[in-house]
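Below you'll find the structures, each written out as structure tokens.
Across the two complexes that follow, chain A remains constant while its partner is chain B and subsequently chain C.
What follows is the complex of A and B.
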């Protein structure tokens, strides 16, 4: 360590070394690690700050599982065996996020493959540019666009009614169609680019060899392209899953009146509920379950974490 | 037709569908910005109007939010880009084991949900404020400060990835040569490394600013009592919708297109420079240089199309009277509404005769009532309130719906919310 440090100083000079170490330490300690630990600590505390500030720091200010207990079982006078609302919303969010991820994968894999292997030169670059443009537009505005499309008086209903497919407008928002379409839309790019980057580095000769040996189109993808693209696919899926499970804007704007996203419950604890410890506990549960799920799936498909985010 | 041809057609069709999904919502939204309807929609097209842009610029909340978004964005660029640069330089110098640990910690904020980042930042700095400074809600517990910190947590990781990609192509021999020739470390950094990283610094700064500008999930927790453009937008979109938001979207889409064209231009200039270097026998840092001439045409076409569209809009707007058109549309709607009302009265009368003792009425009332509940919502009664009856704006927005549900509204007279003008007129008719 000391040897390394001396070499580091010698290589970069004092000023530059100090800058690098200070900036990275500031980032990692004050911005990444400590806030997460404080949040973890906070989630095990009572909400004395709101209920009774005088008891803060006193003998009552002890660690407690009350917030996690609440997520699982609800308030003490809850007649149900568990906290029906929050637990249902939690699983619904996870399952819906998986669904959105699979939808994006199915939608984006052909496009990524096309861009990386089929399209050439200028056309490919133009298509890539077109892909990026919608991504620069605010997430809220994209959700707003879907609300215009899918509203009860929205464009899709108007078109379907006018050509006579429907005689009653469908409430896409209540059915959550709008939410899934909006979430899937929001993260398309995060699915395409990791897959594109990997598939682009696949040697065309491998595909041609498989074709020459008589492999069918589906078999080429199953045995050659997809195994090769696995790191890209898994990093795309990880990002889309994490982002859609943690999405807040789209569910707030596109969610039906009766259906909540788990992040909305967290938001409520912080905003109207004024119970930060409980909100922190919920956030920890969301983050840990997402990370564990991703790690489990990556283990099943034998992908390493270091390959994510490249 | 050969099967290859069928496949090609299918692929083309798929790509078309895909890009429709990608651009359809944005195009529809852009059109709603120019419709005079109070509700952002294109289906009952009323009048072409630029008025929503005026409404947008007069909106104090949005403009205030825009100012603080710019402020926060600049703060994030100033904080996140240097951090990302330092982290990337450090990581390239670390050995295998330490490198993978630092790298994992550094990219973890990208994978952590933004909501969690916001919460942890809020909780941490609130505590620091309370414990270290001993005062509540003072320096650190400030919306701007916490938002800049919270956003930089993950934006620094974006910046780091940009720098790492560029550093992979850096030749350490240059650095060694300079040191051998007697340059100091600071000189090497300033004269060799920084110039090499300049394009990466520019793109990291742009990326950081954009990411900050459009961030919502983290900001909504850390901004506390202040507001940025995104938090104002979110509350607007959730509560009172009107097409001025579409107008904002049009502006942002326009800026994005301009940005894309500029980006393309700069990139091509860089590639041309690389090619010139390559022609002199120097190693070319970038690998692909194909297809630029092909691209010049479509991008140019896109740019000129936008330009022509803008000119055309300006030309049309010049001698087009919005007010006159609006009066006309209001008149048409009133006529349509009157006709509809007559028709409904007749239908409902007949229906009531038929099933006077129908027990289902109560249920149906509930269903019908839901749809018309927001007749009296304040946002629905824009400028048209003076000229029309209370229920008119509703018919304005849902003509298509209503025609299909004729007769339904009349049952609505039993709904408690509806005991206004309409009931009076109907009882008079009987």
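What follows is the complex of A and C.
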């Protein structure tokens, strides 16, 4: 550590080194560590601020599991054995996020492979441009555009009706198709670029060698390209999963009336429910669950955490 | 099993650029055949046309008498060893070697056994469980050969596979490859820009220049009886004396050059007649110190430099009119050195030299 620090100073000069270290430290502490610590602290407190401000700081202002208990079991007069609504939404959110991730992987791996190994020069640049330009549009606007596209009287229904595929419009929003499509589309770049980066560094000769030895395309991908792309696939999946599990705008705008995303419940506790401690507890549970899930899956697929950064 | 490879009027074009021009050739089954040429001469493109990675623009490639048009590289009875070897870094050595069997759905114990046999063949016994990155350059080389042989190809194609190795290892691998070829008994087609490799290993060598084959023959003939000025200057070192042919009698041409009239054998394949523009080529090892009696091909020169290369002394000599002659003298331990600047006479026999029509010379 001391050696590393001396080298770092020598390489960048004292002033610049100190500035860089200070900036990174400030950023880490102020933007990441402190807010999370506050959230953690909140999550173990009573909501006296709203219920009875006079009890704040008094003998009743102690740490408690009441908020976590509420997530699991609901209010004391809940007749069910557990908090059916919140727990169901929680698991549905996680499963839906996994689904969105797998859908994005299936969609983006071929695109990334094509960009990295097949497309040449100008064509590849044009394709990248086509992928990026839609993201110049604000996320909310994109979500509303999907609503127009998928609505009961939307573009897709209009086309399908006019060519006679359907005789009744389908309410894609109610069926959550719009939500999954919107979430899936929102994060495709985060899936494509990590995979692209890794696959691009794969020696073309490896693909040709496998082909020369008689391998079919399916086997070349299974045995040569995908194992090589594993770090990129993991980092793409991690990002898409984390972000779609934590998405708020898309579920808010594209979600059907009966489907709730877990983040929407958190949002309600913070906002209309005026219960920050409970919202914090919910948020902490979501974050920890996602992190643990990602770590578990990485372990199953034998991906080391260091590889993801590549 | 080994198969013939026939090329029939093969052309490969990339847009306006002609990489291979109207090439016809038959490579015999079981032959060790080399394509020798400078980079960019089209030899790798030709190899890719044989392996199936590049369809010829015109003409046909036949392997074992079968037209290969429309047959992909995974369906041809060929295996290619890449210049950078292209071993799979995420597989162990034995998995690399037996990949061709894995593709065919052969079960694991059989694959393992075959991989171990091949490791014996390439003199790497017991290294199957290592990862590729744990091997040295020469070992990787052998693994690449074993991996290709595992596909039981009838024709093995090698694209300058030794170029990344250091000199000693390269020389060793030449012998090794030749031995493996004889044990495996299959056709080897070898691509190289290194004439030493081509001459030591091959039954026959094709010298290529700008997409065409200049000469096909065995190594000694390519070296001793070049048919074009390019072959003479590309394969080995040669002193060139351009001039005009005065007369040709009994297979010996007299050529008027800046260094006087020189006499040299003419090529039986591409003969000269008087009046042609010709070049007399003399190998440095054919240049001798002149006897007082030697009157033919006698040159008065100044020693400009001398280089010591162990088994040879290389002398750089300068004629009065300024052309440079290289001369190699075997180091027999007795030779006295020649002072730089001293004046000596050298000569060569007409049989030790060859007169060819003027043409493109290999770049230095």
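One rule holds in what follows: the second predicted complex is superposed on the first by the 289 of 310 C-alpha atoms of A that agree within 3 Å, B and C clash if a C-alpha of one lies under 4 Å from a C-alpha of the other, contacts with A are read in each partner's own complex, and residues count from 1 in each chain.
Operating definition for what follows: a residue touches a chain if its C-beta (ideal position, glycine included) is under 8 Å from a C-beta of that chain, and two chains touch if they have at least 3 such contacts.
All figures in this text were calculated on a predicted structure; none of them were measured in a lab.
After superposition on chain A, the partners chain B and chain C are accommodated together without colliding.
Between chain B and chain C, B touches the greater number of residues of chain A. In the superposition on chain A, contact is made by A:31 with chain B only, not with chain C.
In the superposed model, A:267 makes contact with chain B only, not with chain C.
In the superposed model, chain B and chain C sit 100 degrees apart as seen from the Cα centre of chain A, a figure rounded to the nearest 10. Residue contacts after overlaying the shared chain place A:158 against chain B, while chain C stays out of touching range. In the overlay built on the shared chain, the residue A:249 is in contact with chain B alone; chain C does not reach it. Contacts of A:206 after superposition on the shared chain: chain C is touched, whereas chain B is not. By the touch criterion defined above, A:19 lies against chain B but remains apart from chain C after alignment on the C-alpha atoms of chain A. Legend: residue contacts after superposition of the two complexes on their common chain; A:39 is shown touching chain B, with no touch to chain C. In the superposed model, A:121 lies in contact with chain B only, and not with chain C.
For the overlaid pair of complexes, the smallest distance between C-alpha atoms of chain B and those of chain C rounds to 8 Å.
Interface residues of chain C facing chain A in the complex, by the touch rule stated above, are 51-53, 72-75, 78-80, 82-84, 86-91, 99-100, 102-104, 147-148, 150-151.
Those residues of chain B whose C-beta lies close enough to touch chain A in the complex are 7, 11, 14-15, 18-19, 21-26, 28-29, 32, 39-43, 82-83, 85-87, 89-90, 93, 95, 100, 102-117, 119-125, 127, 149, 152-153, 156, 161, 184-186, 189, 210, 213-214, 216-217, 220-221, 230, 233-234, 237-238, 241, 245-246, 248-249, 252-253, 256-257, 259-260, 264, 290-295, 298-299, 371, 397-398, 400-401, 404-405. Within the complex formed with chain C, the chain A residues making contact are 203, 205-206, 208-216, 219, 223-224, 227-228.
Taken in their complex, chain A has these residues touching chain B: 4, 8, 11-16, 19-24, 26-28, 31-36, 38-39, 42, 107, 110-111, 114, 118, 120-127, 129-134, 136-149, 151-155, 157-159, 161-162, 167-169, 185, 188, 217, 238-239, 242-243, 245-249, 252-253, 263, 266-267, 270, 276, 279-280, 283-284, 286-287, 290-291, 294, 305-306, 308-309.
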